[in-house]
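Here you go, one structure.
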Amino acid sequence: MSATNLLVLDGLLVISLVGLAWAALAGSDARRSVILFMAFGLVLAAAWVRLLAPDVALAEAAIGSGLAGALLLAAVQEQPRQPLAARTASNSNPNKPGLSVALQLAVSVLCAALAGTLAWALAHAFNSAPQNALPRAVSSNLEASGVSNPVTAVLLNFRAYDTLLELAVLLTAVLGIFALGPARPGYQAAGPVFDGLARWLVPVLILTAGYLLWVGAHAPGGAFQAGATLAAASVVLRLAGRHQIGLPQGRALRIVMAGGVGTFVLIGLGLLVTGRPFLGYPPAWAGGLILMIESAATLAIAATLVLAFLGGQPRPLAVRVTCGNTSATPGPTGKPASPEGMRGAELRAAEVCNRIPETQKRC
Amino acid sequence: MIDVLSGLLVLAGVGFYLAGSIGLLRLPDLYSRLHALTKADNLGLGLLTAGLALHSQELLTVLKLLLIWLAVLSASAASAHLIARYARRQETKS
Amino acid sequence: MSELLSVSALGVIFSLSLGLLRILRGPGAADRMLATQLIGTAGVGALLLLSLLSGQQALMDVALVLALLAAVAAAAFTGRQRRARSD
Amino acid sequence: MLTAQWLYGMSGCLIAAMGLRTALLHTCLLHRVIAINVTGAGVFMMLIAVAYRGAEIPPDPVPHALVLTGIVVAISATALALALARRLTAEPSND
């Protein structure tokens, strides 16, 4: 592409990004903001491609626009039709919150100052000679890493600690979501058009997830992108009103959720026993070990994202049968559900049922 | 010869893209905009992928292009229906 | 040929920015969702062209994921009725 | 000097600051969650711009890996925030 063409392309992309971000942040209609945010994610994916970051573009395409959009839209649909009718009844204009003008001004000035500081730091970074020590270290050690995609090598070999801790963050987040109550109710069975869409979309999504996991070793792709694509398959099934969305139940679900961190730690400890540093793979085995960790991580990430879309602890299938009997039991359970307890499935089911009237009260 | 054909297909695809987006911008109501959008989805991308497929040498690339087009084609058909029904429901509700 | 492809890529990106105007103008949520669909499709087209232009095979995978996830987003938008709680 | 690096990096600064301002000032919880995501996207733009080395030289993979991690953490934090918001509006003692 010629330099002028590229400049036009960059200009269009940057103007679109800033405009979409501004429009998504302004206004008080949540649904509008979510759709604008999804479009922002789409354009951002194009920008990552332009900046030669196809790995990031893949993740942005799968998570930033697709799954985040689905997640936020599911949250919007729970809100009342009139935007914030109940909560801003005292405020005639939801756009002008009860904050004082002085405070708004102060925050705006501080944010502008932050932008200025960041711009100054960036300008400094751009003007100085590029720091080539890290990229050179990556490319010179790529041979021994077991994979040929430098981003995967960084994520799962050179900086494997980061990824391990990131999986721990995911696990913590999903445990937090569990603690906040049961999942949203499912959807009604879909009509023929949606069902037809789901019938071909789900297998293609699953196939693409497997492909991305496999290809991640030598080309853009990997556990994050594959996990997000796999989660999208479950989300489609959920939206189509299926009961079985491919999410394991009970103990199996817990094993899958903890599997990412677990496999990582077990392999690290195993290496420690054989006299190597924690997560210091022997070069001959590195490829296989990385694929093993990535497979477990893919399943864990997919389970986490699906649970995030469900918005809480999935109800066991048995609840639907027992609910009629147990929901008569009076008494609200004030304390938050503790899903990690030692109770049996029936007790948990009963508790979930008890909590239903309480959660129904939301606006 | 093949280059010319592929170039023509790509240009025709871009033409449909532009027509679709101008229609999306200029047409008066949602349902006619829906009609304009499906042109960009089906024909624009279809002709584009056809042109690119002629241009590429590998079978895998051609298959991937075909898969992408089929995915967008059926997704746009289904989502056009779903969006139209959504808008219809909103209309009758209010 | 590559000049033609690069002009085509610009044309597709331009059509994407026209879609952005519609998304900003609205007026309804359905209109914005339509424009998002157009942006997704234009993004797929632009990625395919760039993939051929730059010789990066991986961009085709990005285009595929973009196409599939745009379908998921459209499905999530249409606001399906939730099941009653006692099902 | 690379024009693309400057363009994307500086607009990343701008987007991050805009997002932060809305996250602090808006009254609606959902808008705040979106604003935090936009802030994150701005920061990612800065990081990827720093990693960019021009069309010929391959970019620095380390910021790319950081951003990938960041995207996944951002969505899990978003999910947790949305679950908290849902719970908050469900509490009858809210107002």
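When the chains are written out, they are named A, B, C and D in that same order, and each has its own residue count from 1.
We adopt the following convention: contacts are C-beta pairs under 8 Å (C-beta built on N, C-alpha and C of every residue); 3 or more make two chains touch, one makes a residue touch a chain.
Treat the numbers as computed from the prediction; the structure is a model and nothing was measured.
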Given subunit A and subunit C, the chains that contact each of them: B
Winner on C-beta contact pairs when A-D is weighed against A-B: A-D
Distance from subunit D to subunit C - Cα centre to Cα centre, in angstrom: 21
Subunit A-subunit D separation of Cα centroids, rounded to whole Å: 13
Rounded Å distance, subunit A centre to subunit B centre (Cα mean): 29
Subunit B and subunit C: spacing of chain centres that average the CA atoms, whole Å: 10
Per-residue multi-chain contacts in subunit A, two or more chains: 67, 194, 197, 201, 204
Residues of subunit C touching at least two other chains: 14, 16, 33, 35, 57, 64, 68, 70-71, 75, 77-79
Where subunit D touches two or more other chains, by residue: none
Complete list of chain pairs which touch one another: A-B, A-C, A-D, B-C
Residues of subunit A that touch subunit C when the two form their complex: 1-2, 5, 8-9, 12-13, 15-16, 19-20, 23, 31-32, 35-36, 38-39, 42-43, 45-46, 49, 54, 57-58, 61-62, 65-67, 69-70, 73-74, 77, 184-188, 190, 194, 197-198, 201, 204-205, 208, 211-212, 215, 219-221, 225, 229, 232, 235-236, 239-241, 320, 323-324, 327, 356, 360
Residue ranges of subunit C in contact with subunit B within the complex: 1, 4-5, 8, 11-12, 14-16, 18-19, 21-22, 28, 30-31, 33-35, 37-38, 41-42, 44-45, 48-49, 52, 57, 60, 63-64, 67-68, 70-71, 74-75, 77-79
Subunit A to subunit D touching residues, read off their complex: 6-7, 10-11, 14, 17-18, 21-22, 24-25, 28, 30, 33-34, 37, 40-41, 44, 47-48, 50-53, 55-56, 59-60, 63-64, 67-68, 71-72, 75-76, 78-79, 83-84, 86-88, 91, 94, 97-99, 104, 107-108, 111-112, 114-115, 118-119, 122, 125-127, 130, 134-135, 138-139, 150-151, 153-155, 159, 162-163, 166, 169-170, 173-174, 176-177, 180-181, 222, 224, 228, 301, 304-305, 308-309, 311-312, 358-359, 361-363
Subunit B residues touching subunit A - in the complex, by the definition given at the top: 67, 71, 74-75, 78-79, 81-82
Residue ranges of subunit C in contact with subunit A within the complex: 2-3, 6-7, 9-10, 13-14, 16-17, 20, 23-24, 26, 29, 32-33, 35-36, 39-40, 43, 46-47, 50, 53, 56-59, 61-62, 64-66, 68-73, 75-87
